[in-house]
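Shared between the two complexes below is chain A, which has chain B as its partner in the first and chain C in the second.
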Partner chain A sequence: MSRRVYSSIAVGAEILVPLLILALWQLWTVQADSDHFPRLSTILVEFKDMWLFSEFSTHVVPSLVRISLGFGIAVVAGIALGIPIGLSEWTRKLAMPHIEYWRAMPPPALLPISIVLLHDIGDKQKVAFIAFFCLFPVLLNTIDGVRSIDRTLVDTARSYRIPRRERIRRIVLPAALPQIVAGMRTSLALAVIMMVLAEYFSSTSGVGYVLLISKNTFEMGPMWAAILLIGLLGYVLNLAFLLAERRALAWHRGWRASTPL
Partner chain B sequence: MASRLEGLDPALMLEIKSLGKTYGTGQKETRAIEDVSFSVEDRELVCVVGPSGCGKTTLLKCLAGLLRPTDGEVLLHGRRVTAPPEEMALVFQEYGRSLMPWTSVRNNVLLPLRHKKLSRTERSRLVEEALAAVGLAGFFDYYPWQLSGGMQQRVAIARALAYQPSILLMDEPFASVDAQTRGDLEDLVLRVRDEFGVTIVFVTHDIDESVYLSDRIVVLTHAPTVVKEILPVDLPHPRDQLATKELPDFAHLRAHVYRLIKREQDPVPRLAAAEG
Partner chain C sequence: MVVRGEVARGTTVPEKAPAARTNRPSRAADILVPVLSILGALVLWEAVSRAGLISTNDLPSMTTTMQELWSMMQTATFWKDFAYTVRGWALGLLIATVLAVPIGIVLGSSELAGRAFRVPIEFLRPIPSAVLIPLLFLTLGTSLKSEVFLAAFGAFWPLLVQTIYGVRDVDPIALDTARCFGVGRLERLRRITLPSALPYIMTGVRISSTVSLILAFTAELFMGTPGLGQAMNYAQAYGLNDQLYALAIAAGFLGLAVHFAMTALERRVLHWHPSQRLEAV
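Presenting the complex of A and B:
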């Protein structure tokens, strides 16, 4: 079987299986006739009415903005902190217990305090909440990536007297990048979770807020439509990230394939 | 400065004076290098050979300023080496790990030039010249891992040459390439030595290689290392993979070095008896 045939079957399955599940849902809900599990056709009508596109700008856009800001801040801070911590054994010894403490914290535990500390249930609080929990995967992976740089490459840089800034920019950062990117992917999935969580408990807009309101008013159609949207959001974000990674780390795949290990 | 350099032999490039290196402390203390002294003259090619595990790499790292010797000192042009000197370049055995896999051959060679005070055109000229000198003129935009092992090591050599060092240290650079490539790379080293007028310290465990390349050979014992013998190699230049290796002198030298090292590799009890 050729590669082309194989990959088109794989892509076909990725599309067909969800469609099959939706069809089964429709069949089952028609037969069950339950208020809690509305028919697919009902959910899709709600989905179209809400998200395409009458409430898109009032609820989806704010959610996306919060995810982007929170995730962006986490990535920048994670790399900026991770590099010095990864490079210095002493900094690491001092910082690791604190990092391990905060990353073990369950996110809902910090939700009330984020509202109190920031005097805010608006964007500032939600962005900070998302950024805080998205920080750890990037930070830990950056530290690890920086630590595992090949000794020979470090010696090469030293023997050529490459200044510290150049060394970080030209060697440390690119060498750690595959691991940083892996951390970023974990963080991105986390950002969607944190967004829903923050909006569900303290918000006046966003898809998490829609979820809360429709639950409170027993509107099962809009609730399922919100769930469908959140799932799609996570899926599409991950897909976009994978495509970007494929481009940015093309060298890594080629290199790995060429190095027998 | 002038007064310090006075009375200094201008032909003298590198001096290693009673260098010793101990790793660890207390019970874990191991003496890697006991006492090594030799010197390298300007434009000389000196090979350092010894049995495997004799601390050749440790010695080279001390020469390069990457490791601090426990005893003794290394002098480059009469100045003590305490950090990697500007006029020195290093080529490692593991070419695959000393090159940056995420960027092109050109950028790899350019890396040590970026922080030098050079114009943009001067930089590209150096990169082009160095890559042409090692026969890789058409490979600027390749990733290192797209090239064969021998070609990758050429990139590492080109990077060292572009840096314009007066002395080049090479740590078993051809140990992991096949025999044919190895011969080509040896001839490349001899050629660039003449073209670029560079002094070379070449560490190897290959006896043929050491005799073929050297002006002088420094034979080491195994750890704790001392210099077993320093022997001049008076084979005619230019060297040739076939003609040079057919000379009776080549065979004699080769056999001599081989015996020196072979004796080193004998089982420990016999060695102790012989020394006692």
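Presenting the complex of A and C:
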């Protein structure tokens, strides 16, 4: 079979298979007629009624605010801590035991503690929880990125008496940036998960809260609509990040070489 | 490309320690500094709690917590809960591996299959598994089944993606050469594809093992399937903060143990691979 026929079959499959899955889902839910698995069409109608846009500002916006604050704090803190830790072997020796322990901690184990410690189930506790666990991918990638900088670069800059601040700003940061960004993407995906966990555990607003309430009241339509929304949120945030990364790292040769475009 | 962060974390070849750098810590410091650092943190915890910066109810002192942990460790209940969590973790990881690796090999080696399922996978992968909790709670209930399903679902995706990438990364020349020599499909899979993809797969197993533990714990905390997470839920409900902190510490050690066990497994399975051999130098 010729190459062209083959590639058109592949494109066809790429479009048809997802549609087929959706169609099967609809057919199966119609046939099953189960309370727990409402029809796909019912879910979509529910989705439209809830999120476009009657409950958007009451529940989606708070969740988005928590994600962005938690993620933002984690990125700033991760880079700020990661650079000194990556640059000096002494600080690394001091910090690594703590980093290893806390990043191995299953996040839900700290949910009840975050509430006890902060006396809060509002934004403060949610943002702190999200930020804490989003810190580690950024931090570890920053440390790794800083460590793998070409020594000659740093030594050259030092022989030219480029001050420390300038060295960090012009050499260390740009060199480590591709890896920091890779860590940021992991963190962003984590932020969505942490948001759902924190809101589902205890809250008064947010998409995780909608999930919790609809479960408690056995409202399967809203529950599926919330599941769909959170899935979309994870997907869209990842996509947005990839696009931003493509712009921000357009100068990076390794990135360009590794991306077929 | 999407998993670069994860791949990078797993397969970066560690740089060799610079032979003579003036401010490099000595061998003794290699052990002493981390130990002192941990001790320092524990003392700081004790001091913060004793000095009343945070009330002892909100943050029990380090000694109280450790005593609580120690006395909990004498009880059979604790070890039963511990075993339940480990069981949920292990079953989740096992099921995920059994499913993800073969599917990943198929999707990775056939361009058509890979492209056909690209969109559904790209869409399903970033969905936080935690959204399934209410659904599982209402359908499967608070059984081991829900816990294992959740853990396996979460652990499936990183492993699938790693396997697909690993299989795609197999040297095509090696495959073509084998084909020229009339090496059969199965034999090619066993002798070329699997060994080349193994570092990726092992990295996937390591990532998935963490995910599986987190989700097993999540299921226990949120749905009340028995285990350490459920014990934490009780401790919180009854306001037993000493126990709450002790259980969190235990959970941290369990996470650490899983991490070390998986790193050791990876090293063992890949002892022949350059990325692991360099480390020994």
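Just so we're on the same page, the second predicted complex is superposed on the first by the 232 of 261 C-alpha atoms of A that agree within 3 Å, B and C clash if a C-alpha of one lies under 4 Å from a C-alpha of the other, contacts with A are read in each partner's own complex, and residues count from 1 in each chain.
Quick note on the criterion: contacts are C-beta pairs under 8 Å (C-beta built on N, C-alpha and C of every residue); 3 or more make two chains touch, one makes a residue touch a chain.
Note that the coordinates shown come from a computational prediction; the quantities given were computed from them, not determined experimentally.
Visitor: Could you look at A:Trp251 and tell me whether it touches chain B, chain C, both or neither (first, second, both, neither)?
Guide: first
Visitor: On the A-aligned overlay, A:Glu14 touches which partner chain: chain B = first, chain C = second, or both, or neither?
Guide: Only chain C is touched by A:Glu14; chain B is not.
Visitor: Just chain B (first), just chain C (second), both, or neither: which does A:Leu27 touch?
Guide: neither
Visitor: In the overlaid three-chain picture, which partner chain does A:Tyr235 touch, first (chain B) or second (chain C), both, or neither?
Guide: In the superposition, A:Tyr235 touches chain C alone.
Visitor: For A:Asp144, decide between first (touching chain B), second (touching chain C), both and neither.
Guide: Touch partner of A:Asp144: chain C, not chain B.
Visitor: Look at the residues of chain A and decide whether chain B or chain C touches more of them.
Guide: Chain A has more residues touched by C than by the other partner.
Visitor: Touch check for A:Ile171: first (chain B), second (chain C), both, or neither?
Guide: First partner only.
Visitor: Would you mind listing the overlap between the chain B footprint and the chain C footprint on chain A?
Guide: 258-259
Visitor: Would you mind writing out the residues of chain C in touch with chain A in their complex?
Guide: 1-2, 4-6, 8-9, 12, 15, 18, 21, 23-25, 29-30, 33-34, 37-38, 41, 54, 58-59, 111-112, 115-120, 122-124, 126-135, 137-139, 210, 213-214, 217-218, 221-222, 228-229, 232-233, 235-236, 241, 244-245, 247-248, 251-252, 254-256, 258-259
Visitor: For a test of understanding, state which residues of chain B touch chain A in their complex under the given definition.
Guide: 61, 64-66, 83-84, 86, 88-90, 92, 94, 96-98, 100-103, 111-112, 114-115, 143, 145-146, 163
Visitor: Touching residues of chain A toward chain B in the complex: what are they?
Guide: On the chain A side, the touching residues are 150, 152-153, 155-156, 158-163, 166, 170-171, 174-175, 177, 251-252, 254-255, 258-259.
Visitor: Per the contact definition, I'd like the list of chain A residues that touch chain C in the complex.
Guide: That would be residues 6, 9-11, 13-14, 16-18, 21, 36, 88-90, 93-98, 100-102, 104-113, 115-117, 119, 137, 140-141, 144, 147-148, 151, 179, 182-183, 185-186, 189, 192-193, 196-197, 200-201, 211-212, 214-215, 218, 220, 223, 226-227, 230-231, 234-235, 237-238, 242, 258-259 of chain A.
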